[in-house]
Amino acid sequence: MQEIRKSAKEKMKGYCRVCPVCNGKACAGEVPGMGGLGTGSAFVANMEALDAMRFNMKLVHNVKEPVTETEFLGLSLSMPLMAAPIGGVSFNMGGGVSEEDYIDAIVSGCKAKGLIGCTGDGVPPVIHEAGYAAIKKAGGHGIGFIKPWEEKEFFEKLEKAEATGASVFGVDIDAAGLVTLAKMGRPVTPMTVDDLSKVIKSTSMKFILKGVMTVHDALCAKEAGADAIVVSNHGGRVLDSTPGTAEVLPEIAEAVGGEMTILVDGGIRSGGDILKMLALGAHGVMIGRPFSIAAVGGLQQGVETYIETLHTQLVQAMVLTGTDNVNRVESGILR
Amino acid sequence: MQEIRKSAKEKMKGYCRVCPVCNGKACAGEVPGMGGLGTGSAFVANMEALDAMRFNMKLVHNVKEPVTETEFLGLSLSMPLMAAPIGGVSFNMGGGVSEEDYIDAIVSGCKAKGLIGCTGDGVPPVIHEAGYAAIKKAGGHGIGFIKPWEEKEFFEKLEKAEATGASVFGVDIDAAGLVTLAKMGRPVTPMTVDDLSKVIKSTSMKFILKGVMTVHDALCAKEAGADAIVVSNHGGRVLDSTPGTAEVLPEIAEAVGGEMTILVDGGIRSGGDILKMLALGAHGVMIGRPFSIAAVGGLQQGVETYIETLHTQLVQAMVLTGTDNVNRVESGILR
Amino acid sequence: MQEIRKSAKEKMKGYCRVCPVCNGKACAGEVPGMGGLGTGSAFVANMEALDAMRFNMKLVHNVKEPVTETEFLGLSLSMPLMAAPIGGVSFNMGGGVSEEDYIDAIVSGCKAKGLIGCTGDGVPPVIHEAGYAAIKKAGGHGIGFIKPWEEKEFFEKLEKAEATGASVFGVDIDAAGLVTLAKMGRPVTPMTVDDLSKVIKSTSMKFILKGVMTVHDALCAKEAGADAIVVSNHGGRVLDSTPGTAEVLPEIAEAVGGEMTILVDGGIRSGGDILKMLALGAHGVMIGRPFSIAAVGGLQQGVETYIETLHTQLVQAMVLTGTDNVNRVESGILR
Amino acid sequence: MQEIRKSAKEKMKGYCRVCPVCNGKACAGEVPGMGGLGTGSAFVANMEALDAMRFNMKLVHNVKEPVTETEFLGLSLSMPLMAAPIGGVSFNMGGGVSEEDYIDAIVSGCKAKGLIGCTGDGVPPVIHEAGYAAIKKAGGHGIGFIKPWEEKEFFEKLEKAEATGASVFGVDIDAAGLVTLAKMGRPVTPMTVDDLSKVIKSTSMKFILKGVMTVHDALCAKEAGADAIVVSNHGGRVLDSTPGTAEVLPEIAEAVGGEMTILVDGGIRSGGDILKMLALGAHGVMIGRPFSIAAVGGLQQGVETYIETLHTQLVQAMVLTGTDNVNRVESGILR
């Protein structure tokens, strides 16, 4: 990882400092870039909410080789983990690699390690086009995210997503406030339950709604028929002053966790963080910025190495808390 | 904004650092200057009280074009926002622009954008004279604030304020502790309910009492017949160790918000901060230092650009919390 | 004050940084020197406990010229304030002035401004000798503090204290843990109620017990017949990890405040801090390090200037909280 | 101590900064090295949990020469203190001294001062061999710790431990997550109650289980027949995000303190810290990193000097809290 990070630091100069701890402080306000919006407080809140969760270390038990495999959304995964949808390599990461090479590294690297990568969307067509190409190349093993554009653009992109062979797609509804898009004159908007229903009914793919931070929106997603939600504040890039996702996750999981797949992102950096989110009620997690750093710094190899690191850390955290299976994580492992 | 801030940074050198986040830390104790008094804790408390309020991000709804217009004190405003009364360009901001140019930029810039600017008062006559001239030039569209001087000076200034054609004026009673004034040998003092009544009855203009930090003073203002109060600790410049205004606002709004117009200032920097104050019970807000920076850095154009930025941010925060109208902000948008 | 502080900074180089805010952080662990013991946490705790107290700013009232004069221990004071007993100029402050000049500046400066200065004690005889000489020169207007030495030394020093013409003396019992003394091989020890009674009965002078941090010790002091106690952790110089004095003051004042004079020191830097301590139940306060800086930096003139600054600040804080008399401070002025 | 620390700073360059306050911040993530794992939060948590405990300073009493001697596990100790088992001088501390010299300094230094030193274990045989040699040289006055290896290696090492003449040994079960070992391909694993019972029954030596952070594991240790537990998170080196030991100690002591010897380590730096842990329910404490610094910096003399410092500080803290005996520490000395 040291070499990958060193390479990323050079390639992302001026866009990401590749800090020892990626916590949103140095890059506060850098949108475009890798930072959180405004004071950066929503990015920082993600870290702080996770840091506030602490493990009850437990060693007298017989868990030596815990199970990390899981299934949801019809997918079999080696860990309850996806690479979050991030695009815009040129304006957010400095363009040290091309959009195509970047997203292929994410999608192929995840696939090679038994995971699945998500692809992003944005104003320049290259973002979703490169993403769809990568998914198609991976035999449909990827999840394309579409922003909440106006109808025409939205459904055109949805059609293209279906053509990749993918079985799942998503909408990052939290992008409705993305400054970078507003500045480029391409409106994205909130959606009603009816809007969501219409989207869901129009396709046979499974649907993920990303950007849920309240029980209200989670219940709306369920009512509309979504298969999964991602508890997310868009990495703190759309609204300053939100709580951290780890803080709101438990109440959302309690409200709809029995009936939908609950994913979460925001500040997850290590295998221990993954385990915390599972203990708080998630079925799986997404990781964003660290995957970007791994992909820019080492392409597919970087992505795979980062996944290996996460796997080692996850297993270790499971052993040290006496957790034998990611599908049966007790909330009591957190103090 | 970048250019305006850069220009302000040069012109205010030695008086204001134009920090990335204007939070009262670097300038602690710089009175005169732009800082908070003593340890600067009251300025910092304003920021921290606002930062402690966090939004419930909500995206499943149909709010796409929220209403930001409002009316109070007989004024129609494009946003619930005023420029706070600040004067003393020479000794507080370095004198890079003249008092006249400064206050005209504030008053004219606000008017051009459908807002209203307040003008300050102080020992050198140029402060209130420049303010009144700017209001007169704007056809009375401005609010002159008078400090709580002894009777003769006070009523002379009030008479001049009436002559500007303005329909509203105010007293910043919190100035009773202003070090800069005490040092110049011009006493300003607290006022009783009777003192306030006398002032209010002496004129047909509407009256704003600025500097209310307790329910006690708010009830006194109501008893005296004030039309509005401003919850304010004078930007932390008169008494070290006060709470932040966002902390005391809810109890004051609950006590008198149904019967008087409640304004608030203190640490408001962005459109999101405006929305927070409305959710806490204010009808409108005042912003101080950032307007000064905008005016020194870019005169009327600077003021207008800053207002545009605030408007964009306010709309965005409203969309992302599902708030359709600034006159109907639910307290539940805050977590 | 700027010049006095600048001069002190030069004279105290290597011993005190004369920081903008004197908060115990830069000098943590510097004993001898001006710091707190160990991690410095007890010094810092004094500051933080005071900082946590915040004022309810109040301006609608008729308090324009509040009364700051008070009486206790048979003394008439222009403010409820004493200079705390500090000695050892050579090893704690760098020896930029002599012990004699230092303590004379404290005692004479306080007297000139209607206050009273305390003098310290220590291993080198020059400390108490210089102190007693200063008190004698001031016609007995000073308070000598004696450390809890073994009997012979203690009573010899008490006899000398009586000979100064003073009417009050004290024991800083908290010195029982003073590292600097232990290292010089001169034991100081805790005292029982009987030990204290014996001391009190042996003289006609009034007696102050300094170093009370618990209701237990306060009740013991009362039982022994002490006239006053000083709530003090010895500036954080004897035991790491104590609470701040402002935190324990209210419970001690409630237990014995009706029957003894309650003084307090620890982190008091401004007139506002004095007012806070009065609101928390003290009859008067002691200030230590800032008086040392003023005395080293400007001798008697420095001490007087600092007292004037404190008086201005105290009056201002009283006006801004509607407090008309230091002898009738309401706890409700604190939020 | 100054010289010893200076020497250690040179010898440990690149491995330990010998910071003024050893708090885990500068070395966060340095494993191997002296830091905490990952973000270093578990190391830092140890410090913060101790810092949060504050003393009720008490001086009116007759405790002048408090008793620090104690007995447990059949050992008579001059203080309730042991040197924690630490090994791997070459890869953790820079190899400025040899493993043999290092551990001999620990064991001999402790013995000379009436304490007992523990020895570590690890992949390179030199670690446990040097430790056992030191214990043998000290006539069995030392405690060897064995990691939870697979059976063959474990029982071979246990046999060797018995041959040293020691009467007590331990297992640091928390090492089951030690990254440094996993990377060297030598698995260490959690143990069940049965595993522990088997170990305990196989020897006549008394048994200490180190690495207990929950009541669950403490009850398991009791059930298995352990003589003592060490509340420990392995210095924050095995699992990021655990609570500090001082935080979990009280509940563990309450559950099993009447029936087993409770030891604790984690962030203990001074005599005051020792007293805090006793007040929280421990019978004795272990100190790790500071002993390493003392041993590397000054060998046996360094260890002895550090012990003397701790003794002075412990006595002082006992006097200043009115504690007459380490075997009767009241929880009420903490606020």
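Going in written order, the chains are labelled A, B, C and D, and every chain counts its residues from 1.
Throughout what follows, contacts are C-beta pairs under 8 Å (C-beta built on N, C-alpha and C of every residue); 3 or more make two chains touch, one makes a residue touch a chain.
Here the structure is a predicted model, which means the values were calculated and not measured.
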If you fit subunit C onto subunit D using the CA atoms, what's the rotation angle, as a multiple of 5 degrees?
-> 90
Chain centres from averaged Cα atoms put subunit A and subunit B apart, in whole Å, by 41
Averaged over CA atoms, how far is the centre of subunit A from the centre of subunit C? Could you give it in whole Å?
-> 58
Per-residue multi-chain contacts in subunit A, two or more chains | none
Chain-level touch network, classified as line, ring, star, complete or other | ring
Contact pairs between chains, per stated definition | A-B, A-D, B-C, C-D
Of all residues in subunit D, those that touch subunit A in their complex | 28-29, 38-39, 41, 45, 173-174, 176-177, 179, 182, 189-193, 196, 211-214, 216-217, 220-221, 224, 233, 238-243
Touching subunit D in the complex: which residues of subunit A?
-> 20-21, 51, 53-64, 270, 272, 276, 312, 316-317, 319-322, 335
